[in-house]
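Note sheet for the following structure.
Which chain is which? They are A, B, C and D, in the order written, and residues in each are numbered from 1.
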Amino acid sequence: MGSVGGPARRPRRTLMTGYHHEKDQVRRRLRRIEGQIRGLQRMVDEDSYCIEVLTQVSAVTKALQSVALQLLDDHLGHCVQDAIARGGADADAKVAEASQAIARLMRS
Amino acid sequence: MGSVGGPARRPRRTLMTGYHHEKDQVRRRLRRIEGQIRGLQRMVDEDSYCIEVLTQVSAVTKALQSVALQLLDDHLGHCVQDAIARGGADADAKVAEASQAIARLMRS
Amino acid sequence: MGSVGGPARRPRRTLMTGYHHEKDQVRRRLRRIEGQIRGLQRMVDEDSYCIEVLTQVSAVTKALQSVALQLLDDHLGHCVQDAIARGGADADAKVAEASQAIARLMRS
Amino acid sequence: MGSVGGPARRPRRTLMTGYHHEKDQVRRRLRRIEGQIRGLQRMVDEDSYCIEVLTQVSAVTKALQSVALQLLDDHLGHCVQDAIARGGADADAKVAEASQAIARLMRS
């Protein structure tokens, strides 16, 4: 997997996946969220009361934010941390990129 | 006040569905969000870069919030407005209930 | 300024202030938030640790959102409710205006 | 780790202030927010229309979130980055602490 920084550095992508060790958990959470979205569609099909639908939308939004926080934590603890430990210009770029992602999440 | 729905069911529910006239649009939006969640799962399966996954999570969160705002607008413009126009204790209850739903959305 | 609903109801502004009965409480909350903001400035003056400053920023943001929810609840329960009870085109306008305010709050 | 700073002062605090180089800007932004909060109190004193007050609350909330994002960016780019570059157990602790601060901000 190695040869970080080498001229033929192809496998960068796998190296840069902070959620690697928790991939199954992230997948499980996303599958559950998919189920919740389908539940929302059923509620609408069955003319469920607006407030009940809205309560469920709040729950799904929270679940999504929670996945985002996990991905962000993994990203900081692996990708960003590794880039900084390696040093060089990439470290600053990784920090700036993470800040921008946090800004997007806070505004969504 | 209309026996909306069959005679054998409490008509109140249908009466109280503010998104009635936009049901198809709400369904379409939820189906699109379901597709986006499946897209997220594919991204994780393919070890997509954390920041790309997070950008997509932000987009889905925004889409969900936007559905919530539509449902809330419909709810205020139909269920709450009807309850107030009818008057009585139900009017205050509907306003309190809407405020609580807004609080949940703002905290999610 | 009284005579709300009376035949000569000119002072529309007062009529349209949903937080009228809780003005003192809103003022107190805003004064407390002003104190928290000054506390933040002191923290920065004294080179407080970033995370402590951020924790305090989160607390102030929550306090502000809480004031917003109170104002919104008052607005729905008085201004919007009154406009609907009076009927006419103003009722729809008030609902649309409230929805837009909620959207701004959810995006901030 | 390391006697950063002179021997007679506790070095840790100054070392750990990520916003050090932008202290004046952070102070200016907080002073402006304080002015906005005072403006809000004036609006309430003058019985300004609820929606106008709410619009201003949204603006202040955005300004606060923007200060938070600046502090967070500075923190990641200095305190966290320095801790990681130094290595050791402190690096992981700093990342975990930053993640928790981000979670608090996203939930506020």
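What we mean here is this: contacts are C-beta pairs under 8 Å (C-beta built on N, C-alpha and C of every residue); 3 or more make two chains touch, one makes a residue touch a chain.
It should be emphasised that the depicted structure is a prediction, and the values quoted were computed from it without experimental measurement.
Annotation: the chain A:chain D pair of sequence copies touches via predominantly the same residues, more than half of the used numbers being shared. Note on chain placement: the centre of chain B and the centre of chain D lie 34 Å apart, centres being C-alpha means.
Taking each chain's centre as the average of its CA atoms, chain C and chain D sit 24 Å apart.
With touch defined as above, residues shared between interfaces to two or more other chains in chain B number as follows: 65, 68, 72, 98, 105, 107. Taken chain by chain, the contacts form a single closed ring in which each chain touches exactly two others.
Across the complex, chain B meets chain A through its residues 13-14, 16-20, 23, 26-27, 30-31, 33-34, 37-38, 40-41, 44-45, 47-51, 53-55, 57-62, 64-65, 67-68, 71-72, 74-75, 79, 97-98, 101, 104-105, 107-108. Listed in rising order, the residues of chain D touching chain A in the complex are 65, 68-69, 72-73, 76-77, 80-81, 84-85, 87, 91-92, 95-96, 98-99, 102-103, 105-107.
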